[in-house]
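Letters A, B, C and D name the chains as they come in the text, with residue numbers starting at 1 for each one.
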């Protein structure tokens, strides 16, 4: 039973059964991990029900975010053990005149709102999965971490062939990341329990869409197994990994 | 009542009601129209139920495609009357070794299939809305017509500030087009009756997602009214429009 | 007499005389100014002969940089008077492991060098032309300020049709900027006295190449006249210009 | 003695001697070859002096083009023997209204000219080095074959880490290719005898600039040796190379 089964119509199930979609794409030998926008703006500063959380953090995904974080820790633990490059994306604090918000200004009535909680930056990656010195944080203005950033050049420099993507929101920045990664011909995995959204239908259907066409939706356990069987230390000559990064307690 | 209301959960309705989404973004003064992938591969060569159509055309959206076409004609009629630039996208016939398919090869069991019907090219735009000499057809390999194509440069050359997007699939190439157009800060409209998908849930939820964050989902009638009140002939010095394009019967 | 005349061969003069190059491209109605990499790394911290300056600042252009700065001030003065958007580009301080240097690491024997002078950041824009709050500073890793940055989206958001480019080096980041701006179909001007290089032949020939094919090389005086006759305040609804920016003494 | 030595000033030689430029960047293990714009528009249809050739073909590089072609044949011969992917770029025949010419329209007084010789397409790759079925021809509107084309996605799909670039013009499309390839962090070689320009100073100085900063300018012999020691058939599972492509007489 997939998370999307409850949302598909009967016709949908028949059509997608016969159109050849939903084949496993598979992965390559040189993976990287991309954690999209798991910051306080999208998680809230504490685990609380989404309807409470959005009062303070308008983009919050509430409890679902905090349920994903232990899974993200597991995924990152395996990546660190192998010294697989880890990319995070997050937003950029906006100018006071809002110039750099571009189209975002137009589509949200709370867009200029400055709420939050002192001590927690909206664009700060949640501390439970805080980036380490070897990680690369991509600051972005638009949904996709590929758009207007150096991400693609970093991936070509490292010869990455596979991206394991997770984070939030499934229907927003994760979706945009997956389309771009697929379009540049990377093998793409979406790690299901590590990925979340503020919308339940959007979460389910976007996973369905991406699994049908662009990426393999996999469980954390499968992602970890895959990472652990790749060659260790492929990028040691380019990235200075901390001596003991796999044992770091955060 | 919106097409997506049946697919949202109760929590979804509460969350999106309070998070400030779903504001109308509005349009500018220099629009263009983008018709995404309305070719025989995605429509089938005749109007028939989708489950029949996909036997021959694995990507077909069946009847829903053919119901959209008269609306697309109306939209294009208004654009032609104003001499607003019209862009179409469609696929490229693949090499026999499939090299240029890239990631598509991995994700569909019927990807190499050569079916179709003699006389109807899979990448041929449906004749009922055939491009005219002044239109620009963008051939592409990936979901977004911006990816790996000259589309963006054409839009900057013309000083376009608004894209009215329609076509198929809502959850695939239309979605990718909208994300890219939004990311480059164009005002974006999605013309609802002119847009279709093979999946019912995917159609509804992707419209919902895009309307919440990136674009205004509008009716054809509204799009036509908007186009008709823009200044006529803004691009006459750059594009040779046919003398009587608005009256062309196709 | 042009700066490049001394460097061309006789054959060059005949070929370019008959091949139709070197037509004036002209400008549009919505300009922006782009000042490329006029930071301490490329200027040195004081005006001194280039052969002295490069001992401390390996990328320095020496005296030629400091001769350009009063011209850049004039150019920026006119832009501020009209409230024309001003973009600066500069580098990003590298990670200690050099990962983000990418290809730069390979091509310079002094690439990892940390010299400079305390109190002057290599990537700090020279104070004589320091950015104001309304200006947009593009931080970049590669020659072109379009590459891996949000610059293009900002230009489309503002409906810019013309870029006046200056700074350094003519044969490096200015050249890369001009090619990209041309490729996106912007009208491009290069403001001659505001543009400099560490190489004399490279400066002359790159101006020649760009003037022949991609851009109009113009004098500062011409750029100022052009800016002053454009409409004032076109972007006041998007950018909060300081009340008295044209009178700021820096 | 380098081709650029005659064009540099004495100061240039001193500055570049001390600034750390001109280090050999080196190559990787997964090369591809890119032949830029070696078509009849840039070569003319026969070997004749450039001043004659430009009467018919306004972009022609004359005799220098035809002197390069036997070297390009050698380079391609080695690539074919190893089944290294070969990319060509060339232009696209323009619309009759010139819309797709964009900025090119503005900068050349002979831009709309339709001259040429019956039987020789301006955008046709010169027959002596005609593409084979396994080669990939990139059609482009702008100087760089990366701009508005699928080239980058093809390179990431194949895991290419090194581009050997040649063709024409050194100061135009080759230069733009090299900047983009460098910016995406590929190792870049420019094969000197396979590369040409209509301008003598531009050819020399652009090679100098690129060798100093972005690429290794190498002789054909060195490129061939490098190719022959790479692993054969790395891409046989993705590209259907002709059985005997290395022996093809063209």
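We take it that a contact is a pair of C-beta atoms (placed from the backbone, for glycine too) under 8 Å apart; a residue touches a chain by one contact, two chains touch by 3 or more.
Being a predicted model, the structure only gives us computed values, none of them experimental.
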| item | value |
| --- | --- |
| Classification of the subunit C:subunit D interface as same or different, half of numbers criterion | same |
| Chain pair with the higher count of C-beta pairs in contact (A-B, B-C) | A-B |
| Copy-to-copy rotation for subunit B and subunit D - C-alpha atoms, rounded to a multiple of 5° | 180 |
| Chain centre separation in whole Å, for subunit D relative to subunit B (CA means) | 36 |
| Mean-CA-position distance for subunit B and subunit A (Å) | 27 |
| Centre-to-centre distance between subunit C and subunit B (centres being mean Cα positions), rounded to whole Å | 39 |
| In subunit B, residues with contacts to at least two other chains | 102-103, 142, 147-148, 152-154, 157, 183, 185-186 |
| Subunit A to subunit C touching residues, read off their complex | 96-97, 99-100, 102-103, 134, 136, 141-142, 147-154, 157, 238-240 |
| Subunit C to subunit B touching residues, read off their complex | 30, 152-157, 159, 161, 183-186 |
| Residues of subunit A defined as touching subunit B within the complex | 4, 7-9, 11-12, 14-16, 18-21, 23, 25-26, 50-51, 54-55, 58-59, 102-103, 106-111, 113, 142-144, 147-148, 171-172, 175-176, 179-180, 182-183, 185-188, 198-202, 205-206, 208-209, 212-215 |
